[in-house]
Structures are given as structure tokens and as C-alpha cells.
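For clarity, chains are labelled A, B, C, D and E in written order, and residue numbers in each chain start from 1.
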């Protein structure tokens, strides 16, 4: 059987727990799948590779589909696990900043290719600020963290799940979330090209099923996920404490009000519409969009 | 003049101009010369008169600017077949031993190295370089380098031999020895030789004819037939006839008023 | 006098280069028209041009920024590189210290080092210049060292017999002799200085073509990515031929330049 | 005979290099001990060593992978680069086409191209080799072209008078003459092949030191990043001196190699 | 032998070995020679006997392997002050015009170029290179290049002149002219000259003493005082005394049995 290649968003971290647990336990094989899991180099890069047919499935930040489809990508999300917006701005844990307006006069670092880049103006506007009220520095992910912990910046634009647990060691932080501005950005889920969804729908369906099972187990005991990731990526020298927290946050962000009670992976139209409205405002997508172009629930049971 | 029918080299009104942003240089003007097959011709003339230029033109290394030259029955377009050339500066390849430098010509002609190794070693021996086969050029003295480059030119027994002051860096005695050696090689193989030298004695001793060139621009002012019997003992140089020839050439030089142009 | 004109490669050279570029563009456009890859995969030249023409000001401004970094870094690389090369050739000690360190440093990918530079030096121009210099200096040092060492021993003897000081030996013998090599190094270095500037922009800062590439990548705007890449290619070509031109002006005496072509072809 | 020993730089050279490295390590350790920068800024060598020693097998395995990519890419670069250089020197047409394209291509940062390569070529070894070749080939071409062109005109005349074919001219005159230059290019290229392999690993694949750097960066584990960077520096140094050693073996005749030192120092 | 008190050059048991992986070469063995200040000494000897090596050793360019040498009162350690040297191969810098090549020595001595430009141009004129000041070396003939390198050595009026076959690439007439020119320059400035030549006539004509060297290994076999009055007209070469000197040297060469070692 042709392997089903799944590319993750980044080097190993908590959000990968479901995939690695399933692989580690041999659940894919049990279900008759031959899954190959690759680490990624950013959600955007994985998205490109899925679109180019170099890999079959990607696990990425689903919000990126907005801009990607606008540029002609023919991919869809067929399962959303972490459905709540997780984009956040890290600030000192004991800082008194709690809302957008508190960022006035602050120095913020962001990765130029991050989904954050497109939202900065609208986010600040919701707090009555403009870009000139803050100082935005564009820095590579690899230098982002150092710049922030070195105190060269007051805030770091990232995601809550990936960043907060790591920050604990060097600069304990809390989050100002993107949805403070009423903006939404669907978080991690699985994508494939429309063609793959058409031709290999059965396999994808099985994939989603196995993932549901894995996440159910992880919800009950996050340490299963921690152990699975570390077993699957022995060379990465991961910190189990950080992984456990990342998994915990991931699980915390699984549901929006609209998906409460629905199966893991199922996506709500209203969530996508809320997200797309925000994207339309920023110019990421043009008016006239149809939310159902971006996702399908056909493969979720 | 040599009989045209058996001419090996025919030079007809050849001129050569070196273009230069600092002013073009007319190096040769209206050169006419026929060299019979098997003839030994020397060129003498003051420094800078175009001797090397003429040789390079005949070797097909410099395009001629006017006139025409025929070598071995073919109009000159590139180097003629079966050419052996000795350059004014010994051009030895630094990355090859002396033996390998000599064998270079064999490689160019796609001959088997092993077939010619013996001949190369023999030539080196005869030119006083026995024992230096495996040394590199920079380990040799100036005169030794020059001799090595002569061996290289002789290796493949060329029909036409163009030599630009081949013995310039040698002492008089070594020179005498090699003059004899060269005569022997020439007579044994009926080569056509064009030989540039600064030694008037050498020119007369070796040649059937001596061409006297002059400067500004380079042209032929006299061609002297050397009617001395062969084989010529070295002592022939003390003879009156010989003296007359050298005298005639010296006279030309004096007339040209070297350095006082 | 057509010396200067020949130096400027004459019309025929410029024409050939243009012909090549135009053929590439046509082939590319045709390939895209025939195989119809998605735009996000490979945009056609026409789309790239349209994208550029829609906001030329933005591209040109960022190009200027990148050019500034590149030029400064290139200049510093040449100065520093030549100084280092001279030191290395003059002193066995420096050869065994500076040279070794330089070699080690050059083997560490700048993409991996750049983030550290940003952490150490901040997000200003400094880390970009530093990265660009680190990329560009190596070919200069290596080639200059070769050039300084490849002097005909007789020339060294000439200068020593003339009681030339070390400095004179360097300035009047070794350095002119190393110039052709130095220029080869500079040709490699000018391209690498540009690459270094971009790598620096990738890691920090909100200016330059590197920044534009990143932003466009983040938005899956492959066409816009390509506009910047094409502009980089053009900039690099122009910079390279500028060095080449300087070489022709300064080294008319070198065999590689004499007679305008390879010696093999001349008269053959 | 101490010829081979001298070739191996003798003990004194190795000793000097080691001395330099040890001094650097001591200075670094001292600086960290005095200024106490956060580990994320700059870890001390001792920490780097401890990190390496904790899982040496992992580092060595990934180093082997990177070395394989580097070696293959370097080999291909030399072969392709020399072929291109020969073509460029032999033909004005190629000079004006291939050369120009190569220059343009070299000015486009590989870090920006690498993601496109992965999209086009997939996530296997191909894009890594492609990126490494693209980085390494340029210095080889530039330096070889210079070397092939810098032949003493008298040597060209010698070969022409000997009725050497173009191929013979190339193999027996131009190529040996270009070797010192080619080696200079190879010294630059071997480092860049390593850098290219890493850049390739950055964008694709789960192997190699580049992959380890990325993983460590993702966890903000600067110490682990540094282990890989130091290993890269060491690998690059070893590769460089391997080329240098090959040069000494193959070019004993060249002035830059004769007598073991710079001609300026010899006997002066 | 010259009086030790006024000796400019004192060579005492000098030996020179070129180490080589292909076998060491003993180029000089037990050389003893004193040269008085202002003396003109020529060296003759077969090709490869170590003449150039001796010159390079005296110039401080090659370390001597044994013995000691004193030049201008100082033990040899590097090139002596006020040295003019002509190498066997004209070493002209390709990136300088002829004039700039000649002025090189002035630059080394930190003299003002403008002060010496006139003298350089005059020297070039006297050596038949007037009009070639602005040309590059590769535009000159072999003999012209050699003359340019002589001008360079003479430019700064050195006390010690070491010349390695300076006139080797010149025709006999030009050579005569330049012999006269060199004598004039030497006499006008009391230089000490050590002169290597392959022309026995030239050696005798120019010198106060002629040193005869022999090969295998290089050593001195005879030193001949030339007791001819000065100034010497060119015609002195036809004299019987002159002939006796050249005969003696020729005899040495014959004894050495060149090439038949």
C-alpha cells in the first residue's frame, strides 16, 4: 500500500502528541494505514508541500488556509482538533497589561511570515492603537525567543501552546489573545488537497478515526502523549515537563462554544465564518468567500 | 635563391603589425624569402628587428598582417605539421620533470611515451643533461633549461625546425659542441632549419644561407650564401673564406649603426 | 580610440547577455503556458512583471536598502579580507591562528549563526553587515592568499636585492601580482555579500528584499516572492559585472585580460 | 625521508592549530564565567561539551549524514564546476550565456530558494544536494576560469606549435596551470558545500546536524544549538585541511607550495 | 689577489648545497675569492657550474651552506646595501611600463621618482630603448627586455653591480656598444662589478680579473689577471696579448671537456 505521508508543522512539540501516540502504539497499522510522519519547517511550508503534492497530509494552523486558497491553493481542512484561536502575545507574567490598549509604547517582536503579521493593524486598532503607538520588530523564529528573553522586547507574538510552557524557564509569561480584538484564527488541524480528499477519502477517514482515539486517550492521560513523542523522536532531547504543558494547553483549546459536544475533528461553520470575516477585514481574503470551501466534515464521524 | 619547386618555405611580401593602444608597431615589412627543403638558414640582425616575430609568423603563432607565406606546400593557417620550435625563452612546464617536458611533444602527436622515452633520455644525454631527467625545471640552471627545450623540439624528428637563439645562454665551448651535434642531427635527417642567432660565427658555420635583417621596420637587407664545403670542421672558422663571410655581416651591422637610430 | 568601448564589452556582449535573459524569460513563460502549474508553484514571468509594476516603488525602496547593506559589507570585506590575507602570508603565526579560526567560522552556516547575531547585536543593521561580511570575506582571503603566495620567486629576489622593505615588497610586488586573484575572490564575494545581506534580513528587521520575501512567503504570495528573487538575481548580475568591469579597467596588463579573449582563441 | 611528514604539516603545525583552539576555548569559558550571560545568549564551552558527551552517538550519527551530503555535493560541484569553467573558457557563447545565468543564480540566496526546491523536488536528499551544489559551484567556476585564462602566452604558443589539439591544450597546459586556482576555489567550495547541506537540512528532512540545530532552536536550547555549530566548525576545518593536504600532495611544483613557506620568508 | 684591506667582497671557503627530495645538489664547493673595491671581475665557466648560484649567494638571496662571505665590510646576512643586480632571466613586472620598471629601484630606495625620471629616460636612450618608455614588457623583444633590466640595475648608481649574463640576448654589435657603455659607466663611478658572461672575449675585454669556474661540484679552477691598459679600444681584442688571455681560458674549457663529464 502507498504510504500516507503526514507532515507536521514544526520540530516536535506538544500538538504532535496525537500523531505520535497513534504511530507509537501501531494504531495506524491496525487500521490498515501505512503512515509516515515528517517533522516540518513551519505551518506555511507544510501547507506548500501538501499543495504541491510532495506530501499527502499536513497538520498545521488551519487559519493559514484563508490566504493560501486566495493564492490558488486547492487544499481543504478535513479535521480540526484545536479549534479555538491560540494566537497570543506573550508579555511578562506579572505585567499589568491585560488588554490591547496596554501595549501602547511597547516593543513587540514577531516573525515576518507568522500569521500574526497580517493581523497586527486590526488587532491594535481594536484597542484604539495604531502601529506607530508600538514598535514592531520582525525577527526570525530562531532569534525571536532570545530577543524576548534578553529583554530587548516587551511582547512576543506567537501561539499560547507552543510558547507559554517554554517561557516558564527563562521569562515567565502570560498571554494577550488575538480574540481580544474579536478576531479568530482556527488552530491546529489536518489538511489535504481536494484531489487527495477525493481519491484517498477512505484512508483519510481512517486517519481521523485513529486520531480521535489517540486524543481521547491523551485527554485522559497527557503523559501518554509525552512518552509517545519522546519515543518517536529520541534524538530531539525533549523536555517532558514542557511537552506535558503544551499538550495540556492544546487540549484546553480543543473546543469553541460551537463545537462543544461534537466529535473531535468536527468543525463549525460559524467558527470559520468568524475567522473569514476577520481575514476579509485584513485583506487576507476577498469578499465573496464561502466558508465551506475551506473545510469539510465529510471525513469526520 | 632556392629553387621554387623544392621550396619548403615561401615568404612573399610578408608584413606584420602589432596593434597597440600605445601606437601600432610595424615589426616586419615586405619580407621575401624562400627556403629550400633541407636547407639550413640563419637569421641575424640587431635586437628588436623582428627576428622572433618572423619565426612566430612562420610557426603560425602570430597572424601575418600582409603578404603570404606557404610552408610545406600549404598556405599558412596555423602551425604547420611536423614543426619543432625552440622559443627565445625556454618554455618549460613547471609541473613536469625534465624528461616529461621533453616527452610533451610526443604526447601532443599521440605517440607512445614508452616508444620515445629512450630517444628522449638519449637526447638529454647528448645535450649534457644526463642524470637530470627526474628533476624539475626550477632546479636547473638557465643554460640547462635552454638545452632541455632544444631536446623537446628535436624529440619527434620534425621536418621544419624553427630555433630562436637556442644556444644564447650557453658558454662558447658548450655551444661549439652543440653546434656539431645540431649539424649531425640536421644532416642525418634532412630537416629544414630556420635558426636565429646573435653569434655571427655560429650563423656562418651552421648555415647554407644567412639572412641579415635590419630594424625600423624589420626587413631583410642581405641574404648571404655560405659556400663552404660540408662536413665543416670547427677549424673552418679560422679560414679566410669564413672570415670574409663574417666580415661581410659585421659590415652590415656597422652600417646599420646599432643603437644610434 | 575604441579602448573604452571595448572595455564596456561593446554592444555585442551586452546584446548577448540580453538575448540570454530574454530567451530564459520566453522559455519560462512558454513552459508555464504549456504545463500550467499553479501560480503558487511557479508564476509566469508576465505575472511577476505585473506584480512588480503594480507597486514598483516598494520594491525599489527595499532594493535600495539591501543594496546599501551589500555595498557596505562588500567594501568592509575587501578591506578586512585583504588585511587578513596579508597578515596570513606575512606571518606563520597568523596563518596558524587567524586562518584556522576563519576556516572553522566559515564552515558554520550563517543561517544558523544569524539568529545568535541578532540576539547579540540587536535587530539593526549590525547583524546584517556582520553576516554579509562573514559570508563574503572568505573567498577574498583564500584567493588573495593564493595570489600573494604565487609570486615568481625571481620577482621576490628582485625586490630583496633592491632592499625593498616588507611593505614595499607587499605593495609593489606581491599585491599587484595578487590582483587578478583578488578580483576573482571579489567576484565571488560580491554575490555572497548580497546573499549575506538577505540572510541578515531574513533573521531581523523590517526592510530589504529579504523582508519582502518573508512577508510574501507568509502570505503564500509566490509571485511576490519571485519578484524579489528576480530583482536579487538582477542586482547580483549588475554587481558582478561592475567588479568585472573594474577588473578590466585595472588589469589591462594581465594575460587573462589581454587581447579581449582567451589566448587559445586568439589567432588560432 | 621526512617529505611525507612535512606534508602532514609536521607536529609543529598541528600543535599550533590545537593551541589556537584551546586558547579560544579557555577565553570563551573565562568570558562566560566573568560576564555570566544567560545560557540562551552564549553557553560556556564546558556546557557544550557536557551536552555533547551526554549523547555523543546522536551527534555523530547526524554528523555522518551531513558529511555524506556534503561530500557528494562537493564532488559533484567540482566535476560540474570544472566542466562549466572549461566550457566558458572555450566558448564565447557559453561565457555569455551560462556564465551570466550562473552569476544571476548565485545572487539569489539559497535560503530563499531552498523552500522552492523542496516544493519542486520533494523532501528527500535531492534538494539538499541541489542547494549545496548551487552554493559550492560558483567559487569553483570563477577560480577555474581565472586559472584557465592565466596561462603564460608562451605556453599556449608552445602547445599550438606542437599541434596540440584543443583537448590536449586543455589537459596538458591549461588544466595543470589552473590547478592552484582550482584548489583555492575548492577550499572555498568545501566550506560552502557544508553550509549548503545544512541549509538543505533546514528546509527538509529529519537527519543531519541542520536538523539537530532546528530541533534545538525550536526548544530554545542554545547549548544544543552550539554543539552542532561547533561540530560543523570542526567538520569544516577538517574538510578544508583535507583539500589543503590534497593540494600539497598534487602541487609540489607550484611556487605557493615550494619550500614549505612563503617565498618572502625563505632565507630572508 | 686584491689587497684584503680594500676588499669589497671577501669569499672564504663558501659552499652551497640545494637540498632536494630528488637528491641534494652541491652547487658550490670551497669558493675563495676577494674582490677589491672598484674592481671589475668576470666569471666564466660551463653551463650549470654554479655561476648564478654564486651571484645569488653574494646578493644575499640564497643562504650559503658553509664558509663565510663579507661584502662591504659586513658579514653577509641578506642583500648588501647599494646593490644593483641583473638576473639571468629579465625579471620585468608585467603591470608596469618600461619606464616604471626602471624606476622600481628608485622607489625601493625611497627616492623621488621625479628626480630620477630624467636619468631613467637617459639610460633607456643610451641602451637603445628611447621611445619605449611607455610600453609594457610584453611588447618588447627578448633583447630589449634584457636591456631594460640592465637600466633598472644601473639607475641608482649602486656600489656593487652583480650581472648575470646581461648581454646574453644581444647581437654582437649591440653587445660591443653596450660593453663600451658599461665600461664608461663603471669607470665614471668606481663600482665593484661581478659579471657573468659566456663570451670569453667579453670577459677579457671588460675585466680586471677573470674567474674560471668548473663543474661537478662548482669550484674555481683559475683566476686570470687581465693586464691590459685602460681605456681599452675595441680593437684591443685583435691584439696578441688579448688573444693569449682568451686562449688560456679556452684551454681551460677544453680541459674540462664540456658535456663529456
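Convention: a residue touches a chain if its C-beta (ideal position, glycine included) is under 8 Å from a C-beta of that chain, and two chains touch if they have at least 3 such contacts.
Bear in mind that the values here come from a model prediction, so they are computed numbers and not experimental data.
Set against the Cα centre of subunit E, the chain with the most distant centre is A. Among the chain pairings, C-D comes first (most C-beta pairs in contact). As a whole-number value, the distance joining the C-alpha centres of subunit B and subunit C reads 48 Å. Averaging Cα coordinates per chain places subunit A and subunit C 40 Å apart. Chain geometry summary: the mean Cα position of subunit C and that of subunit D are 17 Å apart. Centres computed as Cα averages put subunit A at a distance of 85 Å from subunit E. Within subunit A, contacts with two or more other chains are made by residues 48, 52, 142, 146, 150. Residue positions of subunit C touching 2 or more other chains, listed in rising order: 41, 112, 115-116, 119, 152-153, 160, 202, 217, 254, 258, 268.
Counting partners per residue, subunit B has 61, 78, 89, 136, 138 as the residues that reach two or more other chains.
By the touch criterion stated above, subunit C contacts subunit E in their complex at residues 152, 154-155, 157-165, 168, 172-173, 176, 179, 251, 253-254, 258. For subunit A in complex with subunit D, the touching residues are 7, 10-13, 38-39, 41, 45, 48-49, 52, 54-55, 141-142, 145-146, 149-150, 166, 170, 233-239, 242. In the complex of the two chains, the subunit E residues touching subunit C come out as 56, 59-61, 78-79, 81, 83, 85, 87, 89, 91, 93-95, 104-105, 107-109, 136, 138, 162. Against subunit A, in their complex, subunit C makes its touches with residues 38-41, 112, 114-116, 118-119, 122-123, 202-206, 211, 214-215, 217-222. Those residues of subunit D that touch subunit C in the complex are listed here as 13, 16-17, 20-21, 24, 40-42, 89-90, 92-93, 96-97, 100-101, 103-113, 115-116, 119-120, 138-139, 142-143, 145-146, 148-153, 156, 160, 166, 169, 174, 180-181, 184, 187-188, 191, 194-195, 198-199, 202, 210, 213, 217, 222, 225, 228-229, 232-237, 239-241, 254-256, 258, 261-265, 268.
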